[in-house]
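Note sheet for the following structure.
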Amino acid sequence: MRLARPRLRMRPRTRDRELRLLTVVALAMGAGWVSLSSTRSGGLSIGDPVPVVCWLLAMLGVHVAFVISGRDLDQVLLPVVGILGGISLLFMERLPQGLVVQRFGDRTLMLGDLQLLWLLLGLGLLGITAISVRSVRWLREYRYTWAALGIGLLAAVFLLGDEVNGARLSVHIGPFSGQPSELLKVILVVFLAAYLADNRPMLARSSMRVGIIRLPPLAYLLPMLAMWGVALALVIIQKDLGAALLLFSVFLALLYIATRRGSYVVVGLVLFVVGAAVLYGVLGHVRARVDIWLDPWADPLGAGYQVIRALYAFGRGGILGTGLGAGLPTVDGVAAIPLIHTDFVFAAVGEELGLLGALAVGTCYLILAERGLRIAARAPDDFQALLAAGLTLVVVLQAALIMAANLRLVPLTGVTLPLISYGGSSILTNALVVGLLLALSDRTAVRGVPAPTARIARSAVA
Amino acid sequence: MNSAPGIGSGLLRVGLVVCIAYALIFAGAGWLQVVEAGPLSADPRNPLQLVAARAPRGRILDVRGVVVADNARAVDGVRHRRYAHPAMAPITGYVSTIFGTAGLERTYDRQLTGVARLGAGGDLLRKFRSRASDPADLHLSVDVRLQELAARLLGDQRGAVVAIEPSSGRILALVSTPGYDPQQLADPATAAAYLATLGDDSGAPLLDRATQGRYVPGSVFKLVTGTAGLESGAIRSDTTFADQPVESRRGFRLEGFRIQDAPRSVQLDQPLDLTEALEVSSNVWFAHAGLATGAGALLEVASRFGIGSAIAFDLPTASSQLNGGDGPLHGFADRVELANASYGQAEVLTTPLQMALVTTAIANGGVLVRPTLVDRIVSRDGDESRTSPTRIGRVMSATHAATLRDAMVQAVQGRYAADYAGGARVPGVRTAGKSGTAQLAPGQAPHSWFVGFAPADAPRIAVVVIVENAGSGSSRAVPLGGRLMNAWLKRFAPDSAP
Amino acid sequence: MDAFTLVLWALRIGFLICLYLFLALVVRTLWRDLRSAVSTAAPSVGRLIVVASPLGRPEAGTSIPIDAVTSLGGDINNTIVVEDPDVASQHGLLTFRGRAWHLEDRGLGAPMRVNGEPVADATTVHFGDEIGLGRVRLRLERPLERVDP
């Protein structure tokens, strides 16, 4: 006999694990910062520690807020965000500040300060989301609103977007610019989770045979085709290969989780291959990306320039790296890799922190994956499970996509490295995702009854 | 793990796929940052190289610390290389912003610019130095004085000299004439015009004859045949051929071809043994010996010396050969070619460096060592890597080596030495040597060869000299080799006794 | 090598060490979670959703995973403590035997109800049935964590 579950009554007063991990984060940031400023000044120095102190205090603030809220939130996610954001801060302070310059009235903010600002805003968003979101029913109920919003975002980008680096990603409204495709990913994951949770039993049942592949009724295939269409639209309209690839793979993964039917994955992959082949043939920018990947040395000073420079950066890093601030991000004052602060930040990590640093960063994303999927596994209903899994995969697969592209394992698709790359849209979106995951991790908050469809199940109890 | 089946295991499998993807990424990072790190950093297009190229390049110094190559003072931010000793050109090569690099400057480019790593532990430490690059100095085993003496002795004749310390394989001199002045190639102001004049020179001054010149060896090759005969058991030190005295006078008829000894000042009526045959350089005797040994054994023993493949060396080398390789008899066309090859004619072509290895192996009691030019590489930050002697392997038994050595001593110090290698004798030192006169096409003067070492019992220097079209070995190469050994043992060697 | 170079070297290594210390701690946490999840996940064969509980014990709306044997009553030693004036200290026993759920009344308090019908002594219950003790109503549901066969 077990006693009544303690979590029904007792709420954790302290969050020891989180605090302990945050202490190590602080230690690491301290060492990193002193190492960076000493390298830069040529003597032992702590430089201007304000950014790092700000970041650490903000982490502490969120931690205290979590304790006060009394919610039983996951204790690992916040420190992981802390270490990734900290590494981001170190690198954005270290890279040439002129890479990004923004004027606010008479104040001019540069790369490092701006990133600190975004990180702090992101952390705030994360904290608020984690504490205040106690039920995600509303997310599910407004699923078609999300779908409409997503298509609206896509349309907005199409109508208002500017083309940057061969991709139409940014929308400028007044002094602000953002990349709606970042938010689009989250919105579509919410919609997908709701859709799949509603229609799971139908999708899992098969009624149509095409050769050896068993397919669900045609009506239920439509969303898959729709997703495929959205992905194609992203590639064609926005020229955003990365988001398209990411969304489609997350969709396939969710579909598999919901139905456990390998045939869907096969059909999806076939669609992917067909789409990719057609796009390769039709669209110049897709072909260019793939050709650069296959042979960057064909045009080392033009198209292949960044990819080759990234490879050199990894080579210079070796196992232990050159050390923070001792790498070679600029040659003659020009950034060796123009997008070192966004798409190629992983190359900078590989150079200055070496293979060990790169592996550590990769492991952080794996930890995010483990936490996220565990939250999904423990979720009280299908929607929450699929939502948690989808949100996790958006972050983790995006990280994998860009790290692999930096290492020239896959073509470069122009996505950011979550929580490390510079960029407000990216930081805020990923903070929102982690915030939602934290909220979902609190099992004592499970209120309300899952929608009835969730329980139409071939459940074999014991 | 959820109210409906499958979520749990679906999550597990998706998690597994994520793990596999990350494992591949980690493997990719490992590949780039460990296996490919060196080649990537050495890529000339790597911006690191640009930065390193602006930093002062490491120097090259001779065995006593004489600076052979260093950096001229920068003019308008452009820095070029300065070479004080043009005779060292075959070794150092040059660095030119226009024409690239050659020689050791090329081989050790990564160490000289400081982008390479030194040693295993050095790698860990070097990463954490403040500078991006850590240029290293090359300390050579070559002595500039011996090098310059050899170049001076060769004069304006085409030829090459290789001097080695037999026990270690350290090169003491490596000369090729005609030479060139690397300084003028390095200096952008003169480089283009100078290269044009070098290109017009029929003597091909940019060719390093010592390592890449392939010459007919003539009689010096008898050392290889002798080794092969002894090692295969086909001949012994006391082997004689009954018909040889007659044939030496009238010619050895083999399938219609006549093999002759060079005319001698004295007639020898007794059949010669190995020592005597080597001493008086009997072509007939070695033709018999070669035939007795057979093509297969000759090739096998020759390959132990490295003949047939490029020599592993810090400079580019050409490979030596015994035959054209297209005949039915292990590449020999027939027994006539085999007999001719046995005394170093026919299609035999060797580089001076290859002959130096043969000589070194005999001097060493049968052990072949790897030839080296660089003693130490010392970086600015104090990392040092030393070259230690590398034994390639035993080529022949110590007894056989002693037999050949004694025969070579006879060639220098024996009764008839004056006609052969006697001119190489170092006064007061037991000297071993072998002369060679490589017959070329009719109308062309033969190449003059000498190989030798001294002191014979504890060799400290082995020398190979070739002077192109300079007549018989004894007239030109032998005295040159003798003077070099003498100079080294009496004046230049660290413990020389003047 | 001067002292500063050494210090810098140590700092750079130190940063990497901190990163890995962090990872090691996290992985240890994950490992512990995994083990505790394995040890606690298995027994749950069903759960009770608290439909109504005027006194807040158990809290209305919560979902309580239950084992094969679950005791209900006001006493602190019950698996699920039910606070209500009409609930006895040892009130009922919910057991899962073979293929069916059984509800036994221990006879110390007011009769329990299943879907509003009073239970005399013992009865079988099914998923979806509502069990009433006093003013507290609990609905029996399938378990959240499925035990894979």
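As written, the chains take the letters A, B and C, and residue 1 is the first residue of each chain.
FYI, contacts are C-beta pairs under 8 Å (C-beta built on N, C-alpha and C of every residue); 3 or more make two chains touch, one makes a residue touch a chain.
Keep in mind that what you see is a predicted model, and the values were worked out from it rather than measured.
Chain centres computed from CA atoms place C at the largest separation from chain B. Overall, the chain located most centrally, as judged by its C-alpha mean against the mean of all protein C-alpha atoms, is A. Between chain A and chain B, the centres computed from C-alpha atoms are 60 Å apart.
Annotation: 33 Å between the Cα-based centres of chain A and chain C. The distance from the centre of chain B to the centre of chain C, each centre being the mean of the chain's C-alpha atoms, comes to 82 Å.
For chain A, residues that reach two or more other chains under the stated contact definition are 39, 320-321, 323, 354, 370, 378, 380, 455, 457, 459-460.
Looking at chain B, one finds that residues 1-3, 5, 8-9, 128, 130 touch two or more other chains. Touching two or more other chains at once are residues 8-9, 12-13, 142-146 of chain C.
Residues 39, 42, 200-201, 204, 253, 256-260, 300, 308-309, 311-312, 314-323, 326, 328, 331, 336, 350, 354-355, 358-359, 362, 365-366, 369-370, 373, 376-382, 385-386, 389, 393, 396-397, 400, 403-404, 407-409, 450, 454-460 of chain A are the ones touching chain B in the complex.
Residues 4, 7-9, 11-16, 18-23, 25-27, 29-30, 33, 37, 43, 45-46, 49, 58-59, 61-65, 67, 69, 71, 78-81, 96, 127, 141-147, 149 of chain C touch chain A in their complex.
Residue ranges of chain A in contact with chain C, taken from their complex: 1-5, 8, 17, 20-21, 24-25, 27-28, 31-32, 34-35, 38-39, 43-44, 75-76, 79-80, 83, 320-321, 323-324, 353-354, 356-357, 360, 363-364, 367, 370-371, 374, 378, 380, 444, 446-449, 455, 457, 459-462. Looking at the complex, you find that chain B touches chain A at residues 1-11, 13-15, 17-19, 21-22, 24-26, 28-30, 32-34, 36-41, 43, 45-48, 50-51, 123-124, 127-128, 130, 132.
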